[in-house]
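Chain lettering (A, B, C, D, E and F) follows the sequence in which the chains are written, and residue indices restart at 1 in each chain.
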């Protein structure tokens, strides 16, 4: 059965990234995947959380929020359980590529604000955040950003829709998926996080393998997008 | 003494408006005035506040917020006294052009989110909100939008900087102004709201007149921008 | 058309002030204007807000609240948008007469609690607060209070009711006014703040002038009341 | 050892009551006992709490708060554990004299706001609240108030200070008392509530008896004050 | 009239205590009285509240909460007025036996969580807390615990049910009692706190004496339970 | 390298379950796995969340909390991001076995309170919750519980510790694990949720397979524990 928008099962939605969308932020990206739009900004502050004070290491923290206009029915402001869960996921995912000792006693603040929500906002936020963080680090530390960042990181959703494993679900797919599966992976291939949930059913081990295969394909392409977006600011030696 | 960015005392910053920036919202505008960028969305809901239930009339309510990345130093999320004051001002200003009886039992929700803050965010929000509201009304009520809206409304800041009355203060001017003066006016000329504060001094009656003159000039031009942006969706007979 | 209580358009309600109503406070005033009663207390603390620490300058902050019994229908406790707006206005107005360098690293806390609300509570609070602040400063700094205070400050409401500009609106007038206009002014004549809102209409430039004229008359009389109340404690050389 | 202010062990501080201090409230009393001043207002609303809906019986609820200026060092606004405890005590004490069936589906709201605190604010609030409640009931139900109220109620503090049982502690006594004992009693003699706490020690059964004897004396006199204050509005047949 | 469960008027429900129920806590007790079950844990921290900093003395603070499953109808989480009142009572009661100078700059944290509620949870919490506190002190300070604790403390409820004074009310009795009376007393006999409330009536002086007599009997037995539970860890010389 | 407590890599900690620990709850279980103890209660209410009103289907919601005494250093009360994430996981996991149509318009409330925390509290909560839910359903619906429940569900943690995949991590293992992996599975074998996080590293596809294998072993045994605990109340035909 073809997908409702005609995509192949392993096809991403078109992705565009506008780097430096917010001129006041040292790192920012307006990230669009189909009709999902997320604005991510990154700032550095010279304070660390209490549990790290005096240890000489840094931290990264993230906040995720949906603007009221991001959904067809206006969404009330404020943090709910879902956004708490997502911002913790974004934080863990980005910390996986930060060498906190090399960073030193700074905190990176990542803010992901959803401007239009059409599925996959959390994975879009992670993929965009890597770009914003790379720019914020370059702007403060110059080439040393390449030693603070250990690798690139990107994320993609997969899922089982109408019995078929597919890549990068939009909202109509997401809301009818039997299984919802998010994968966060490094450029170098290591898995950072996998989260799979049977929303309206369960899944078998072979299905899980198929979803991981799809995610690998998608993440490879998103890392290419990150690299093209950053261009000469790509922090790693190619 | 010339202004720090070379503008004439009665010169606005360049304004651009991207209508329909948020495809999920029935009305939206990304409004830029120099380095100030505000995203405004408008939604309709079929509920009214308790004090209007059963009366057949509608309401308009506004929320104003600054994204964490909108200022050079990251701004914490959450409503403070300043944002409370501003969202009440936006609400009053837009209600001035709504015929709540013609609207009927609907609530218009206006959300103004500051993406980049460089002075004049509250007046930018009001000017942009008129566009988003006009579109939201058209999208729901078609041509009847022109009877629900009684007039257009726009806003501009003025102030006394280094002893001189000037129009449309950016942040460097705003933070050193002796007097800060915001004017909200209808297209037809009636004043909706004037708010003037001596931040680091006081002002005289003649100075107040000079500021009102500047505001009139600026608002005339902003109403022209609104008209050009809405084009054939301008809700009034020309 | 005569006013509903027989006052002339430029007539204030009778004002009485009971200085030192709260014996535990270094400065306090029970201020009555007609059936509006506001209790203002002023305290000094030897802490300043974080943004002023180590700078040697002082600050003034204000809180405004309505007691539950102040309105015919009981009012729930707690801060709403309106009270936030008012307490910010009170703070700005009083700071306009404080020389924060002469004050040194102290914070003046002004608390305005409305005991009976019949219109004009915010302007009553400002006029009363000047008395409480003058007493609190005298009680701590003696005659030096006269150098910390740069001038006196008072406030009055005006508005357009049934088409006519009138002074000092009570609640029945306020709730039917087309335009509501508050003016805060120094004893020496400089305007500190003007706030005019077309609640159920708009206003023209000539109307604005008429309202400012009325306000000048009213404030002149209120400054006289302040002077008589403080008597020999009037902080300025006469 | 004589008391610090020269009172006899069984002597109350001078009490004055200003009935109707708040003209907007159907029942109010400004109650002064020495340097303790409490303002109590009472309102009726035609709603009852959810657990009483549809049962035809009424309710009484109380709130207690200290104004920031009520203590020599400014007190921050907001409810703490102590005020929660006190407002629950005020509510229980007044409910002891309300026939909730005779009242019918109304809620009495009692608000006690401390204007000056010098010890004994909770007992002052209860004694004053009876007056405000009697007036609020008369104003709504006329003579039927006398059937809704079953009896009068008043309260007084006692304690052991420097080893001696004394009546009506002011703040200097209260803060050094070994035992703090509050008694709430009906005009007819029945005890509504006794609360005794060994703050810096414990107490014996004979000491408890002595404190109850003192409280009986004090409450007899306070009921006389209530009766004189209400005059012909005293709701009971004499 | 016999009690609904066949107990004599002066008979406690069966009490069992499981010391050390929580292996992570230095002091803990699972306390059961009939169908009331309370879990109390005690911890020491090396911080004191701000008002005691630098004074070399310690503090004890308590929290009380009911688990959602503790009542037949699920109870929502969160602190209400009743639990605030109870945790303040627990704190005062335990502080009555702590020599805060001997303790030194430590804070004892007592947590009482109700697992099953069938009346008398606050008095159970106090009686159990003494055991947990004694163990927490022994675990940190060894035999010196016996000098930090001045005496033992226990609590019991009494009340007037169907006209009769009875000891240790369960929920069916408590909810129909005319008078509810809680007594907290030291092992040595001194009263720490008495709290009596006429819930559906009032009480006389002789009734108060009868309730105190019953409480004395009950507390004597509970202190015996505490002693048997602690065994050789009973902190006092016998 | 052997595990610090001598367990084999695929060995669970000893599990004991006390059914009906809370007599006031229709379903409850005190679940111990080594030194981790979780109390789970289940209640039914005849209300459903707003989004399900009038649809005839039911819901299950969960809350998760750690008692202050559950950790060696006292844990403050209150919901943080971690507990929000966990209670959402518990809810999703249990909903996977509820036929909400067969349940009808009831809400199941699951409360998981951690009494002792030594790793694996979220998976313990899920495994215990199935027992409490089965009992709550039986107590209300008798044998129909077997049609409301579609299958059993249990959960276990696995992870990579010192390079080795191991089953059922205790706290010392959890806090040093490179990868933390939780699996929730039905009795029938379908996966409900997998969540794997590289806390201090990343993981490869083969490692992920090894962890899933371990989890399968562990869950098979836990389902056996559930079956033995429920005995004749096991809701499915064997």
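By our rule, a contact is a pair of C-beta atoms (placed from the backbone, for glycine too) under 8 Å apart; a residue touches a chain by one contact, two chains touch by 3 or more.
As the structure is a prediction and not an experimental result, all values here were calculated from the model.
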What's the farthest chain from subunit A if centres are computed as the mean of the Cα atoms? D
Subunit A and subunit D: spacing of chain centres that average the CA atoms, whole Å: 60
How many angstrom between the C-alpha centroids of subunit E and subunit A? 52
Per the C-alpha centroid definition, the whole-Å distance linking subunit D and subunit E comes out as 29
At which residue positions does subunit A touch at least two other chains? none
Are the chains arranged, by touching, as a line, ring, star, complete graph, or other? ring
Give the chain order around the ring, anchored at subunit D and oriented so that subunit E comes second. D, E, F, A, B, C
Under the stated contact criterion, what part of subunit F meets subunit E in this complex? 21-25, 28, 35, 37, 39, 41, 43, 45, 63, 65, 67-74, 77, 109, 111, 113, 115-118
Which positions of subunit E touch subunit D when the two form their complex? 81-82, 84-85, 87-88, 92, 96, 186, 189-198, 201-205, 208, 212
